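One structure is given here, and the rest of the page talks about it.
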Amino acid sequence: MKISARNTLKGTVKQLIPGAVNTEIVVEIAPGVEVTSIITKASAESLGIAEGKEVYAVIKSSDVMVAVD
Amino acid sequence: MKISARNTLKGTVKQLIPGAVNTEIVVEIAPGVEVTSIITKASAESLGIAEGKEVYAVIKSSDVMVAVD
Amino acid sequence: MKISARNTLKGTVKQLIPGAVNTEIVVEIAPGVEVTSIITKASAESLGIAEGKEVYAVIKSSDVMVAVD
Amino acid sequence: MKISARNTLKGTVKQLIPGAVNTEIVVEIAPGVEVTSIITKASAESLGIAEGKEVYAVIKSSDVMVAVD
Amino acid sequence: MKISARNTLKGTVKQLIPGAVNTEIVVEIAPGVEVTSIITKASAESLGIAEGKEVYAVIKSSDVMVAVD
Amino acid sequence: MKISARNTLKGTVKQLIPGAVNTEIVVEIAPGVEVTSIITKASAESLGIAEGKEVYAVIKSSDVMVAVD
(Lines give C-alpha, C1' and ligand atoms only; values in the text may rest on other atoms or scores of the structure.)
Protein backbone atom coordinates (compact mmCIF):
# COMPACT_ATOMS: atom_id res chain seq x y z
CA MET A 1 0.00 0.00 0.00
CA LYS A 2 1.39 3.41 -0.99
CA ILE A 3 0.03 6.38 0.96
CA SER A 4 -0.35 10.12 0.33
CA ALA A 5 1.52 11.04 3.54
CA ARG A 6 4.80 12.54 2.29
CA ASN A 7 7.04 11.23 5.07
CA THR A 8 7.61 7.47 5.31
CA LEU A 9 10.79 7.17 7.41
CA LYS A 10 12.29 3.69 7.74
CA GLY A 11 13.66 2.81 11.20
CA THR A 12 13.90 0.32 14.04
CA VAL A 13 11.79 0.17 17.22
CA LYS A 14 14.16 1.16 20.01
CA GLN A 15 11.67 1.34 22.85
CA LEU A 16 8.07 0.30 23.44
CA ILE A 17 6.10 1.75 26.37
CA PRO A 18 2.67 0.12 26.51
CA GLY A 19 0.11 2.15 28.49
CA ALA A 20 -3.48 1.52 29.60
CA VAL A 21 -4.87 3.12 26.48
CA ASN A 22 -2.01 4.10 24.20
CA THR A 23 1.41 2.70 23.40
CA GLU A 24 4.43 4.91 23.05
CA ILE A 25 6.91 3.80 20.38
CA VAL A 26 10.42 5.24 19.95
CA VAL A 27 11.73 4.65 16.42
CA GLU A 28 15.40 5.18 15.56
CA ILE A 29 15.45 6.54 11.99
CA ALA A 30 19.19 7.26 11.89
CA PRO A 31 22.03 6.73 14.36
CA GLY A 32 21.02 8.83 17.41
CA VAL A 33 17.94 10.31 15.69
CA GLU A 34 14.67 9.15 17.23
CA VAL A 35 11.01 9.82 16.50
CA THR A 36 8.36 9.18 19.18
CA SER A 37 4.92 7.96 18.13
CA ILE A 38 1.83 7.38 20.21
CA ILE A 39 -0.74 4.99 18.75
CA THR A 40 -3.56 3.02 20.36
CA LYS A 41 -2.62 -0.13 22.23
CA ALA A 42 -4.89 -2.09 19.88
CA SER A 43 -3.01 -0.84 16.80
CA ALA A 44 0.40 -1.60 18.33
CA GLU A 45 -0.71 -5.15 19.10
CA SER A 46 -2.35 -5.73 15.70
CA LEU A 47 0.83 -4.54 13.92
CA GLY A 48 2.97 -6.80 16.13
CA ILE A 49 5.22 -3.92 17.18
CA ALA A 50 8.21 -5.13 19.22
CA GLU A 51 11.63 -3.79 20.12
CA GLY A 52 14.10 -4.36 17.26
CA LYS A 53 11.36 -4.61 14.63
CA GLU A 54 11.77 -2.67 11.35
CA VAL A 55 8.95 -0.15 10.92
CA TYR A 56 8.10 3.08 9.10
CA ALA A 57 7.27 6.34 10.87
CA VAL A 58 4.54 7.84 8.66
CA ILE A 59 3.86 11.58 8.97
CA LYS A 60 1.76 13.94 6.84
CA SER A 61 3.79 16.95 5.68
CA SER A 62 1.07 19.27 7.01
CA ASP A 63 1.66 17.77 10.48
CA VAL A 64 5.34 18.78 10.46
CA MET A 65 5.82 22.25 11.93
CA VAL A 66 9.09 24.18 11.56
CA ALA A 67 10.75 26.19 14.33
CA VAL A 68 13.86 28.38 14.54
CA ASP A 69 15.91 29.60 17.50
CA MET B 1 10.15 28.41 24.26
CA LYS B 2 9.79 24.70 25.15
CA ILE B 3 6.81 22.93 23.62
CA SER B 4 4.73 19.86 24.50
CA ALA B 5 5.25 18.30 21.05
CA ARG B 6 7.50 15.30 21.73
CA ASN B 7 9.53 15.45 18.53
CA THR B 8 11.84 18.43 18.00
CA LEU B 9 14.30 17.20 15.33
CA LYS B 10 17.25 19.47 14.57
CA GLY B 11 18.20 19.72 10.87
CA THR B 12 19.13 21.89 7.90
CA VAL B 13 16.84 23.23 5.18
CA LYS B 14 17.82 21.33 2.04
CA GLN B 15 15.10 22.56 -0.28
CA LEU B 16 12.46 25.29 -0.25
CA ILE B 17 9.55 25.17 -2.68
CA PRO B 18 7.41 28.32 -2.27
CA GLY B 19 3.88 27.93 -3.64
CA ALA B 20 0.95 30.32 -4.10
CA VAL B 21 -0.45 29.48 -0.68
CA ASN B 22 1.90 27.09 1.09
CA THR B 23 5.63 26.56 1.16
CA GLU B 24 7.16 23.12 1.06
CA ILE B 25 10.32 22.71 3.15
CA VAL B 26 12.62 19.68 3.00
CA VAL B 27 14.70 19.35 6.20
CA GLU B 28 17.69 17.01 6.38
CA ILE B 29 17.70 15.64 9.96
CA ALA B 30 20.53 13.14 9.40
CA PRO B 31 22.74 12.29 6.41
CA GLY B 32 20.28 11.14 3.72
CA VAL B 33 17.24 11.32 6.05
CA GLU B 34 14.77 14.03 5.07
CA VAL B 35 11.47 15.25 6.50
CA THR B 36 9.06 17.26 4.33
CA SER B 37 6.97 19.99 5.93
CA ILE B 38 4.24 22.15 4.44
CA ILE B 39 3.53 25.41 6.24
CA THR B 40 1.84 28.61 5.09
CA LYS B 41 3.88 30.96 2.90
CA ALA B 42 3.37 33.66 5.55
CA SER B 43 4.90 31.49 8.28
CA ALA B 44 7.89 30.52 6.10
CA GLU B 45 8.58 34.17 5.38
CA SER B 46 8.11 35.34 9.00
CA LEU B 47 10.53 32.62 10.21
CA GLY B 48 13.06 33.61 7.54
CA ILE B 49 13.33 30.04 6.23
CA ALA B 50 16.08 29.70 3.61
CA GLU B 51 18.15 26.87 2.16
CA GLY B 52 21.05 26.00 4.47
CA LYS B 53 19.35 27.44 7.56
CA GLU B 54 19.33 25.42 10.80
CA VAL B 55 15.75 24.61 11.88
CA TYR B 56 13.76 22.15 13.97
CA ALA B 57 11.10 19.84 12.54
CA VAL B 58 8.45 19.81 15.30
CA ILE B 59 5.95 16.93 15.30
CA LYS B 60 3.38 15.82 17.92
CA SER B 61 3.80 12.14 18.83
CA SER B 62 0.10 11.58 18.13
CA ASP B 63 0.70 12.75 14.54
CA VAL B 64 3.32 10.05 13.93
CA MET B 65 1.72 6.88 12.59
CA VAL B 66 3.59 3.56 12.44
CA ALA B 67 3.47 1.12 9.52
CA VAL B 68 4.95 -2.31 8.84
CA ASP B 69 5.54 -4.24 5.61
CA MET C 1 2.29 -1.92 4.16
CA LYS C 2 -0.07 -2.10 7.17
CA ILE C 3 -0.57 1.16 9.07
CA SER C 4 -1.60 2.11 12.62
CA ALA C 5 -4.40 4.38 11.40
CA ARG C 6 -7.58 2.53 12.41
CA ASN C 7 -9.73 3.52 9.42
CA THR C 8 -8.76 2.16 6.00
CA LEU C 9 -11.95 2.53 3.95
CA LYS C 10 -11.97 0.95 0.49
CA GLY C 11 -13.67 3.01 -2.25
CA THR C 12 -13.61 4.42 -5.75
CA VAL C 13 -12.49 7.89 -6.86
CA LYS C 14 -15.67 9.63 -7.94
CA GLN C 15 -14.27 13.10 -8.52
CA LEU C 16 -10.82 14.69 -8.77
CA ILE C 17 -10.42 18.46 -8.46
CA PRO C 18 -6.77 19.40 -9.05
CA GLY C 19 -5.86 22.83 -7.62
CA ALA C 20 -2.74 25.00 -7.78
CA VAL C 21 -1.36 23.49 -4.60
CA ASN C 22 -3.70 20.75 -3.39
CA THR C 23 -5.92 18.20 -5.07
CA GLU C 24 -9.39 17.46 -3.78
CA ILE C 25 -10.45 13.81 -4.09
CA VAL C 26 -14.00 12.56 -3.54
CA VAL C 27 -14.03 8.83 -2.70
CA GLU C 28 -17.28 6.81 -2.75
CA ILE C 29 -16.96 4.27 0.07
CA ALA C 30 -20.51 2.94 -0.20
CA PRO C 31 -23.44 3.67 -2.54
CA GLY C 32 -24.15 7.39 -1.96
CA VAL C 33 -21.60 7.73 0.87
CA GLU C 34 -18.65 9.93 -0.02
CA VAL C 35 -15.52 11.04 1.81
CA THR C 36 -13.60 14.13 0.66
CA SER C 37 -9.82 14.21 0.99
CA ILE C 38 -7.38 17.01 0.28
CA ILE C 39 -3.80 15.97 -0.37
CA THR C 40 -0.93 17.76 -2.10
CA LYS C 41 -0.95 17.84 -5.88
CA ALA C 42 2.44 16.08 -5.84
CA SER C 43 1.04 13.17 -3.79
CA ALA C 44 -2.03 12.81 -6.02
CA GLU C 45 0.19 12.64 -9.09
CA SER C 46 2.73 10.23 -7.55
CA LEU C 47 -0.12 7.88 -6.49
CA GLY C 48 -1.63 8.07 -10.00
CA ILE C 49 -5.04 9.06 -8.63
CA ALA C 50 -7.69 9.14 -11.37
CA GLU C 51 -11.48 9.00 -11.53
CA GLY C 52 -12.69 5.38 -11.28
CA LYS C 53 -9.53 4.17 -9.55
CA GLU C 54 -9.83 1.96 -6.46
CA VAL C 55 -8.28 3.61 -3.41
CA TYR C 56 -8.37 3.58 0.39
CA ALA C 57 -9.40 6.57 2.49
CA VAL C 58 -7.04 6.34 5.49
CA ILE C 59 -8.05 8.21 8.66
CA LYS C 60 -6.61 8.10 12.21
CA SER C 61 -9.31 7.36 14.79
CA SER C 62 -8.20 10.41 16.78
CA ASP C 63 -8.99 12.56 13.72
CA VAL C 64 -12.62 11.42 13.65
CA MET C 65 -14.82 13.68 15.75
CA VAL C 66 -18.37 12.74 16.73
CA ALA C 67 -21.35 15.11 16.70
CA VAL C 68 -25.01 14.80 17.67
CA ASP C 69 -28.07 16.91 16.77
CA MET D 1 -24.21 24.52 13.99
CA LYS D 2 -22.63 24.10 10.54
CA ILE D 3 -18.90 23.39 10.52
CA SER D 4 -16.05 23.88 8.03
CA ALA D 5 -15.01 20.21 8.21
CA ARG D 6 -15.96 18.81 4.80
CA ASN D 7 -17.00 15.33 5.95
CA THR D 8 -20.11 15.00 8.13
CA LEU D 9 -21.10 11.34 7.75
CA LYS D 10 -24.42 10.28 9.30
CA GLY D 11 -24.43 6.88 11.02
CA THR D 12 -25.36 4.78 14.03
CA VAL D 13 -23.20 3.89 17.03
CA LYS D 14 -22.51 0.17 16.69
CA GLN D 15 -20.03 -0.24 19.51
CA LEU D 16 -18.82 1.83 22.45
CA ILE D 17 -15.59 0.91 24.24
CA PRO D 18 -15.09 3.24 27.23
CA GLY D 19 -11.47 3.39 28.44
CA ALA D 20 -9.76 5.03 31.41
CA VAL D 21 -9.06 8.17 29.42
CA ASN D 22 -10.60 7.86 25.99
CA THR D 23 -13.69 6.22 24.57
CA GLU D 24 -13.60 4.29 21.32
CA ILE D 25 -16.74 4.65 19.19
CA VAL D 26 -17.52 2.51 16.14
CA VAL D 27 -20.01 4.24 13.83
CA GLU D 28 -21.75 2.35 11.01
CA ILE D 29 -22.12 4.86 8.16
CA ALA D 30 -23.44 2.35 5.60
CA PRO D 31 -24.28 -1.36 5.73
CA GLY D 32 -20.97 -3.03 6.67
CA VAL D 33 -18.96 0.23 6.48
CA GLU D 34 -17.66 1.38 9.85
CA VAL D 35 -15.60 4.36 11.03
CA THR D 36 -13.74 4.22 14.36
CA SER D 37 -13.40 7.38 16.42
CA ILE D 38 -11.50 7.99 19.63
CA ILE D 39 -12.65 10.95 21.71
CA THR D 40 -12.16 11.80 25.38
CA LYS D 41 -14.35 9.96 27.88
CA ALA D 42 -15.68 13.36 29.03
CA SER D 43 -16.83 14.27 25.51
CA ALA D 44 -18.51 10.89 24.98
CA GLU D 45 -20.42 11.31 28.23
CA SER D 46 -21.39 14.94 27.61
CA LEU D 47 -22.70 14.02 24.13
CA GLY D 48 -24.68 11.09 25.61
CA ILE D 49 -23.14 8.62 23.16
CA ALA D 50 -24.76 5.17 23.43
CA GLU D 51 -25.05 2.12 21.23
CA GLY D 52 -27.85 2.57 18.66
CA LYS D 53 -27.71 6.38 18.83
CA GLU D 54 -27.69 8.39 15.58
CA VAL D 55 -24.50 10.46 15.29
CA TYR D 56 -22.28 12.16 12.73
CA ALA D 57 -18.64 11.23 12.12
CA VAL D 58 -17.00 14.60 11.44
CA ILE D 59 -13.64 14.60 9.64
CA LYS D 60 -11.60 17.44 8.12
CA SER D 61 -10.71 16.74 4.47
CA SER D 62 -7.05 17.44 5.26
CA ASP D 63 -7.15 14.60 7.80
CA VAL D 64 -8.19 12.06 5.14
CA MET D 65 -5.18 10.44 3.53
CA VAL D 66 -5.44 8.37 0.33
CA ALA D 67 -3.62 5.09 -0.30
CA VAL D 68 -3.37 2.71 -3.26
CA ASP D 69 -2.27 -0.95 -3.49
CA MET E 1 -25.20 20.04 16.28
CA LYS E 2 -23.01 19.43 19.35
CA ILE E 3 -19.50 18.17 18.63
CA SER E 4 -16.88 16.21 20.58
CA ALA E 5 -14.19 18.86 20.00
CA ARG E 6 -13.65 20.39 23.45
CA ASN E 7 -13.01 23.96 22.33
CA THR E 8 -15.87 25.91 20.76
CA LEU E 9 -14.80 29.54 21.13
CA LYS E 10 -17.38 32.19 20.19
CA GLY E 11 -16.01 35.23 18.32
CA THR E 12 -16.31 37.67 15.43
CA VAL E 13 -14.60 37.50 12.04
CA LYS E 14 -12.10 40.35 12.07
CA GLN E 15 -10.31 39.60 8.82
CA LEU E 16 -10.88 37.37 5.80
CA ILE E 17 -8.03 36.63 3.40
CA PRO E 18 -9.33 34.52 0.49
CA GLY E 19 -6.55 32.65 -1.37
CA ALA E 20 -6.46 30.51 -4.51
CA VAL E 21 -7.07 27.34 -2.53
CA ASN E 22 -7.59 28.22 1.11
CA THR E 23 -9.12 31.10 2.99
CA GLU E 24 -7.49 32.57 6.06
CA ILE E 25 -9.92 33.73 8.76
CA VAL E 26 -8.93 35.82 11.78
CA VAL E 27 -11.48 35.45 14.60
CA GLU E 28 -11.47 37.80 17.60
CA ILE E 29 -12.50 35.68 20.59
CA ALA E 30 -11.90 38.38 23.23
CA PRO E 31 -10.77 42.02 23.06
CA GLY E 32 -7.32 41.86 21.45
CA VAL E 33 -7.21 38.02 21.42
CA GLU E 34 -7.31 36.55 17.92
CA VAL E 35 -7.28 33.02 16.55
CA THR E 36 -6.26 32.38 12.93
CA SER E 37 -7.95 29.56 10.99
CA ILE E 38 -7.23 28.25 7.52
CA ILE E 39 -10.08 26.37 5.85
CA THR E 40 -10.77 25.56 2.21
CA LYS E 41 -12.16 28.36 0.07
CA ALA E 42 -15.18 26.14 -0.64
CA SER E 43 -15.96 25.77 3.07
CA ALA E 44 -15.60 29.50 3.72
CA GLU E 45 -18.02 30.25 0.90
CA SER E 46 -20.54 27.56 1.89
CA LEU E 47 -20.57 28.85 5.50
CA GLY E 48 -21.04 32.45 4.26
CA ILE E 49 -18.04 33.68 6.25
CA ALA E 50 -17.75 37.49 6.12
CA GLU E 51 -16.06 40.18 8.18
CA GLY E 52 -18.17 41.04 11.24
CA LYS E 53 -19.99 37.71 11.25
CA GLU E 54 -20.37 35.78 14.53
CA VAL E 55 -18.65 32.38 14.34
CA TYR E 56 -17.15 29.67 16.52
CA ALA E 57 -13.49 28.65 16.39
CA VAL E 58 -13.67 24.86 16.93
CA ILE E 59 -10.48 23.11 18.06
CA LYS E 60 -9.89 19.54 19.31
CA SER E 61 -8.12 19.53 22.69
CA SER E 62 -5.52 17.12 21.29
CA ASP E 63 -4.65 19.76 18.66
CA VAL E 64 -3.77 22.33 21.32
CA MET E 65 -0.10 22.15 22.27
CA VAL E 66 1.29 23.90 25.34
CA ALA E 67 4.58 25.79 25.48
CA VAL E 68 6.54 27.58 28.20
CA ASP E 69 9.32 30.18 28.05
CA MET F 1 12.26 29.12 19.64
CA LYS F 2 9.80 30.62 17.11
CA ILE F 3 7.40 28.15 15.50
CA SER F 4 5.40 28.02 12.26
CA ALA F 5 2.11 27.39 14.11
CA ARG F 6 0.16 30.64 13.58
CA ASN F 7 -1.58 30.72 16.97
CA THR F 8 0.55 31.24 20.09
CA LEU F 9 -1.97 32.40 22.71
CA LYS F 10 -0.53 33.59 26.04
CA GLY F 11 -2.49 32.54 29.15
CA THR F 12 -2.51 31.10 32.64
CA VAL F 13 -3.09 27.49 33.69
CA LYS F 14 -6.46 27.52 35.46
CA GLN F 15 -6.91 23.78 35.91
CA LEU F 16 -4.75 20.69 35.62
CA ILE F 17 -6.36 17.24 35.41
CA PRO F 18 -3.61 14.58 35.34
CA GLY F 19 -4.82 11.22 33.94
CA ALA F 20 -3.22 7.78 33.64
CA VAL F 21 -1.91 8.55 30.18
CA ASN F 22 -2.73 12.15 29.31
CA THR F 23 -3.03 15.39 31.23
CA GLU F 24 -5.84 17.82 30.58
CA ILE F 25 -4.85 21.49 30.90
CA VAL F 26 -7.32 24.37 30.96
CA VAL F 27 -5.64 27.66 29.94
CA GLU F 28 -7.36 31.03 30.50
CA ILE F 29 -6.34 33.20 27.54
CA ALA F 30 -8.64 36.12 28.41
CA PRO F 31 -11.05 36.83 31.28
CA GLY F 32 -13.61 34.00 31.03
CA VAL F 33 -12.15 32.58 27.79
CA GLU F 34 -10.59 29.14 28.23
CA VAL F 35 -8.83 26.72 25.90
CA THR F 36 -8.55 23.03 26.84
CA SER F 37 -5.46 21.08 25.82
CA ILE F 38 -4.67 17.41 26.20
CA ILE F 39 -0.99 16.49 26.13
CA THR F 40 0.85 13.41 27.36
CA LYS F 41 1.49 13.17 31.09
CA ALA F 42 5.22 13.01 30.33
CA SER F 43 5.14 16.30 28.44
CA ALA F 44 3.13 18.05 31.17
CA GLU F 45 5.66 16.93 33.76
CA SER F 46 8.72 17.81 31.67
CA LEU F 47 7.30 21.32 31.03
CA GLY F 48 6.59 21.75 34.77
CA ILE F 49 2.95 22.66 34.11
CA ALA F 50 1.17 23.78 37.30
CA GLU F 51 -1.93 25.78 38.15
CA GLY F 52 -1.19 29.54 37.96
CA LYS F 53 1.77 29.08 35.59
CA GLU F 54 2.06 31.32 32.52
CA VAL F 55 1.97 29.25 29.31
CA TYR F 56 1.20 29.52 25.62
CA ALA F 57 -1.55 27.56 23.88
CA VAL F 58 -0.01 26.74 20.49
CA ILE F 59 -2.37 25.78 17.65
CA LYS F 60 -1.78 25.34 13.91
CA SER F 61 -4.18 27.45 11.85
CA SER F 62 -5.13 24.36 9.83
CA ASP F 63 -6.30 22.73 13.09
CA VAL F 64 -8.79 25.54 13.77
CA MET F 65 -12.17 24.78 12.23
CA VAL F 66 -14.89 27.43 11.89
CA ALA F 67 -18.58 26.86 12.60
CA VAL F 68 -21.71 29.01 12.32
CA ASP F 69 -25.16 28.67 13.89
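Think of it as A, B, C, D, E and F in the order they're written, each chain with its own count starting at 1.
Everything that follows uses one rule, which is that contacts are C-beta pairs under 8 Å (C-beta built on N, C-alpha and C of every residue); 3 or more make two chains touch, one makes a residue touch a chain.
Because the structure is a prediction, the values reported are computed rather than measured.
Relative orientation of chain B and chain F, expressed as the C-alpha superposition rotation angle, is 180° to the nearest 5. The most distant chain from chain D, with centres taken as the mean of CA atoms, is B.
Across E-F and A-D, the chain pair carrying more C-beta contacts is E-F.
Between the CA-based centres of chain C and chain F the separation comes to 30 Å, rounded to the whole angstrom.
Chain centres here are Cα averages; for chain C and chain E they lie 24 Å apart.
Within chain D, contacts with two or more other chains are made by residues 1-6, 20-21, 24, 37-40, 43-44, 47, 56, 58, 60-62, 65-69.
Pairs of chains meeting the touch criterion are A-B, A-C, A-D, A-F, B-C, B-E, B-F, C-D, C-E, D-E, D-F, E-F. Interface residues of chain F, counted against chain A in their complex, comprise 1-5, 20-21, 40, 60, 62.
Chain A contributes residues 19-22, 24, 38, 62, 65-69 to its touches with chain F in the complex.
Against chain E, in their complex, chain D makes its touches with residues 1-6, 37, 39-40, 42-44, 47, 56, 58, 61.
Those residues of chain C that touch chain D in the shared complex are 3, 5-9, 24-25, 27, 29-33, 35-39, 43-44, 47-49, 53-69.
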